[in-house]
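In what follows, a single structure is set out as structure tokens and then discussed.
Labels A, B, C and D are assigned to the chains in the order they are written; within every chain, residues are numbered from 1.
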Amino acid sequence: MKAMGIVFSNSHEVNLPELTSDRSIAAVPFAGRFRLIDMVLSGMANAEIYKVAVIAERNYHSLVKHIGAGKDWDLVRKNSGLTVFTPFGSVGQTRMSSCRIEALECLLSYLKESAEKLVVISDSDIVGNIRYDAIIDFHVKNKADVTAAYRYLPIGNKQPFARKLPKELSVTNEGRITKICRGMRSDWPKNILMNIWVIDRELLISLIKEGITNGYRSFSADLLAAHTDDLRLMAYRHEGFYGEMTSLAAYLQHNLAFLNQDNLREVFGDEHRPVYTHVKDSPPTVYGQNSRVVNSLIASGCVIKGCVENSVLFRGVEIAEGAVVRNSVLMSDSFIAGGAELDYIVADKGATVREGRKIAGVPELPFLLPRNAKI
Amino acid sequence: MKAMGIVFSNSHEVNLPELTSDRSIAAVPFAGRFRLIDMVLSGMANAEIYKVAVIAERNYHSLVKHIGAGKDWDLVRKNSGLTVFTPFGSVGQTRMSSCRIEALECLLSYLKESAEKLVVISDSDIVGNIRYDAIIDFHVKNKADVTAAYRYLPIGNKQPFARKLPKELSVTNEGRITKICRGMRSDWPKNILMNIWVIDRELLISLIKEGITNGYRSFSADLLAAHTDDLRLMAYRHEGFYGEMTSLAAYLQHNLAFLNQDNLREVFGDEHRPVYTHVKDSPPTVYGQNSRVVNSLIASGCVIKGCVENSVLFRGVEIAEGAVVRNSVLMSDSFIAGGAELDYIVADKGATVREGRKIAGVPELPFLLPRNAKI
Amino acid sequence: MYVKKKCVAMLLAGGQGSRLFVLTNKIAKPAVRFGGKYRIIDFPLSNCINSAIDTVGVLTQYRPFELNSYIGNGEPWDLDRMHGGVHILPPYLDAVGGQWYKGTANAVYQNMDFIERYNADYVLVLSGDHIYKMDYNKMLDFHIANNADCTIAVLEVPLEEASRFGIMNTNPDGSIYEFEEKPAQPKSTKASMGVYIFNKDKLASYLQADEQDEGSVNDFGKNVIPAFLQGGERLFAYPFDGYWRDVGTIGSLWEVNMDLLKETPELDLYDNNWKIFYRHNPAHPQYLGKNALVKNSLVGDGCEIDGCVENSVLFEGVRIAAGAKVKNSVIMDKVVIESGAKVNYCIVDAETQIGAEAQIGVEAKGSADVSVIGGGLRIAPRAVIANASIIGQDC
Amino acid sequence: MYVKKKCVAMLLAGGQGSRLFVLTNKIAKPAVRFGGKYRIIDFPLSNCINSAIDTVGVLTQYRPFELNSYIGNGEPWDLDRMHGGVHILPPYLDAVGGQWYKGTANAVYQNMDFIERYNADYVLVLSGDHIYKMDYNKMLDFHIANNADCTIAVLEVPLEEASRFGIMNTNPDGSIYEFEEKPAQPKSTKASMGVYIFNKDKLASYLQADEQDEGSVNDFGKNVIPAFLQGGERLFAYPFDGYWRDVGTIGSLWEVNMDLLKETPELDLYDNNWKIFYRHNPAHPQYLGKNALVKNSLVGDGCEIDGCVENSVLFEGVRIAAGAKVKNSVIMDKVVIESGAKVNYCIVDAETQIGAEAQIGVEAKGSADVSVIGGGLRIAPRAVIANASIIGQDC
């Protein structure tokens, strides 16, 4: 069934302030050659969703530069394709929206002009190869009004620290949602709402209006929660790899998760559901005569003459002879000089570590090298 | 010489409030099938300027919908092409710019990252087939630092009323600019600044910084005027058709100017310098058995069964049998019912005139039918 | 890396269309103009994209230049894609030499690689010769629901005309038990529209067999469909009941254009939900001058008209001087008609100039009298051209 | 409606490249892979767009499928344009029948319409066989400044090698007075690179004449350039002094790849101002496993390496199991090398599988010993393949 997509590009940035001070969370670099939004946009394109609105409220220059006209996701279309909605574009709008429902409000005329039966809504701080087509099929097969994707987490499973907990669903055996509540407990909830919804377009329009009228703030915990009885809210359980950007530690952990080849092939290596990204035409990576690289993910365009272990290197990183990098994520164009040693580091783009410097974080609190930092 | 373009999409809207309350002036429909910005973007594309920044501060939804990714101007490029710059996208920016210099400030990093030698700056409230390539050639040949395009107006030439007068240049015989001043006199200035500049990119960057530091407001009358001695400011005289959107009367007058076939062929019929627009795939226009259309410009997709004289009809206008339209501009999807009579009317999109209604303005004060008005 | 496509369309655009005479001297038939704005091929291409079929191979070999450049990057039909989109498929050379397309079936056979590349389950075979609006996706649903191996779109035609068509004889469930090419005694009135859907694997094996059959002329209608029937495959007839015309002759080309001038044309070009897309040329809006009189006509962009036009279809950029009279005619792009010229029951191809006071078909009364003036010609002032002439050179 | 272009490029990509043996069984030579990421044709295409020449006709006829689909809509080279862009130009049929391209000059001759369409003043003729980075725009400026009719790019070669090339003998002002194809006694060391700029009108008339000359083999080097000289036209030699290689043989293909492993390669692929663009496949970053040991090598995206790799170029999606050893080799896309296999001085084409413990070229010592394993093959476990073997089938 024909569906259009809505992607939020600034969701939950509060959990990852270290990497979102000058970019939206959607534009946070990930897994060596991607940005977070690549997974959402590719998932939608793979589900034949060719009309996608990206809601961008803050710091969207690097996002807009990355997605451009949408070419890399084959989303340049004559009368639909990819559209970025920024605030202040509409008549009379004078301030940023303060919640998801207000942000959706600025899409009302766009939604009304559309012809698609369904709308798929997704956040972009999600790590995984989400099968939006399967969620749509589930939605249609179950004659749902709204379908929410969730993942099941056995109690006791240790999760990274989060400033803001995800929301939790109560789900019947048939998959019907009976309750949506904010994650308030100190242990993590069991059925975690993934902030991916499928919803009838006409229904969405009326729900947005209702949410505005009633002054609701949360799309799920206020607005949808008010309709567990009179709407057919269904829950789709996601089984594959899944991660949320709940903290810098989670960011490091989710990157390093792809040193596991099963995860790597599932999320970034499935040729039927590829993850596209903005291409850079980088040359291949060069390994020097004395390089020593093990259990690491390396993007193209790197020059590696030193030692790299259990790490993720983005495009154009240079590791000089004698440098040692362990358990770290180094974003594009970082340079690590000879004799430097890094352990549990997240280096933002263009960071430079000078000769002989030794820096180390720990798994639950990685050391952050800010963008273009020179130490 | 390689050049990039900067287009202001909100300039001088104060002169045309009737048509810019819910769209930018760049998006004002013009001459039956165009919008004003089409002339600027096409002129730049025809001058092989393939990297264009459009500065959009207010009401830009219809503009963004019109230009899309830039396909219609062949401006979808891999790493350049058309980019729309909206406020609040950058880090820390919290308000709209109040003048041209502040608006340019938000392009500083874009300008610094570019490689083009020259920058062509243009407003979009300009009617004409501007030869940006000729201005660039003039600039290079004259070894100018800055070139400003102007048109010469014999004194006494009657001009439409304008809320804000254009600026005036004093030019030597060799074409050097000696003075730039605000149009303050009651009669119109002689050498009218067209708000089209060619400027060295590096110089532009330093001028923007200087303008911000000094708190200048006007790019020409403050900033450039301060450099008539130490910079080589040259003036390029535009000879072809030229119009400015100084008022609603000027809007009507400039539309009707294209009932003159010389103007029509010069501006919109030159196959070496075509004016592109967003295509709509309209069917041909149908003329009925009793239609009577003379001295009029008719876009495609119209259905004309009545009488049209000295008028401009946009796409999808329907004139019922027995209706009479004279000296008017009817934008897309207007409907004029039988027996209605219109004279000196500007009808915004989707206006409906019911049976037998008779409305008339005068040349110097046309009657405005607002968007979707039903009378 | 290719994204899998459920259905790929193969559009047969190789035909010369020799019964269109001078109109196809330089261009393939699918590139022939129609309706003031369009080319014939706009209809199948627009139908594809409107039916959500976004991967189309266009099989060309006859004078493909203008057609290739018209299709270009596919952008006008939203078929400029990273994955899928429209691709021109000409004949090619391999290590053992090359061969031109021998027939419609051979053209598809030589391009099975293209279909395999997208791993398509279904192949939609279309012709570039017909004017119609059709939702192929509904036909595909029908094909799948019937678990068919091949589905053929059919149109009800009057019994007396049935012997001009390929006729499908069907069982009550819609399955086809017999196919007769132009039967003298038609048993049914279901005429094939030349629109087929095949299961890809079945098609591949029958095309392979057809290729090895030396007696075959490698044609879908003459060989492949009969072979499917003989092989006991499941063939179904998909009923279509809209406007459909084969634009095979001068008369039919003139008539489909005139059909658009009826009070309520059967072919609705004004439906925003099923637009017919076409390649645009930049042009100014049409200008009607101080002496213009235009009645019951269709007019495209860029025209400048100062004469009289009645019951006619004018394409883009036509110029008609004051005092010229055009009636019952189809005037293609950039034709110039000078003052005092009279043009009646005539198709004038693009970029031709009709001199002042020239008279074309002034005695003509109906479609049998239609004249054709080829493209790029100059008809001298005061030239007189009789009814039903075919003019291929300056005169 | 076509936008005028100052200069249109015609890229000759029709060659089979038979001296590359199994590597060009299924693809044209310009589609052969190079340098871990690229195909040969990426170089002239990237040179064009970097030189601001945005209209390119690619003349193909041999096995064009893979090349066509690689070029696709031209997007990777920013050549997907409404006006201009890259167009594949295969042979075609007209009313009097079709003909394949008889030679390089005939291929351009048959497509003069394409050049005329853009109303180009200059025609740049390129070959799809060479690896080099060159600013054609500078050459065009040189051509215009000399008021030349034809300009030929030349490279200084060592005198002892000059007899392998087409040699230009020039006057002090750079004008060419003589052209000798592979002269036994070379008078100069200026070798033609197969890069020509012509004034369009001159080219059109000489191609016309060449077509009428029955004795001509319709080749630029053998016929057209000598005819220009004989006709007294102004021919100039444009000196080029960068890296330029003809990738005509297995040995040269291996060497250009190995050139990239030098400490400072002559061919700089890391220059952001002159990027070589290529078509991307979605892929994960390369993964080096717990047992990986990679030294002095180039590696593309999507590889998964757990074995030892030394002095080698690995393309995209290559998998090398723990215990496998690859040295001095060029391993193309999606090759799988199983555990314990040894590969030395070898070019392995795409999608081939090398079985466990297989031994290829273990005795090889240098470029003369290079083996070639064709694409899509399976080399059995424990197979032993000697130096300098050419393997075209499973073994």
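We take it that contacts are C-beta pairs under 8 Å (C-beta built on N, C-alpha and C of every residue); 3 or more make two chains touch, one makes a residue touch a chain.
Source: prediction; values computed, not measured.
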Next on the checklist: Report the chain whose CA-based centre is farthest from the CA-based centre of subunit D.
Outcome noted: B
Item to check | Between the pairs A-D and B-D, the one where more C-beta pairs touch | outcome: A-D
Checklist outcome for this item: Per the C-alpha centroid definition, the whole-Å distance linking subunit B and subunit C comes out as 40
Item to check | Computed distance of Cα centres, subunit D from subunit B, in Å | outcome: 47
Next on the checklist: Two or more other chains touching the same residue: where does that happen in subunit A?
Outcome noted: 71, 76, 78, 271, 274
Next on the checklist: Which positions in subunit C are in touch with at least two other chains?
Outcome noted: 1, 75-76, 80-82, 277, 281-282
Checklist entry - So in the complex, which bits of subunit A are touching subunit C? => result 2, 46, 71-72, 74, 76-79, 115, 271-272, 274
Checklist entry - In the complex of these two chains, what residues of subunit A are touching subunit D? => result 31-33, 42, 71, 258-259, 261, 264-265, 268-269, 271, 274-277, 279, 281, 283-301, 312-313
Item to check | Of all residues in subunit B, those that touch subunit A in their complex | outcome: 21-22, 56-61, 64, 68-71, 76, 78, 81, 83, 86-91, 96
Checklist outcome for this item: Touching subunit C in the complex, subunit D uses residues 1, 16, 25, 60-65, 68-69, 72-75, 80-82, 85, 87-88, 90-95, 98, 100, 113-114, 117, 281-282
Checklist entry - In the complex of these two chains, what residues of subunit C are touching subunit A? => result 1, 3-4, 52, 75-76, 78, 80-83, 273, 277
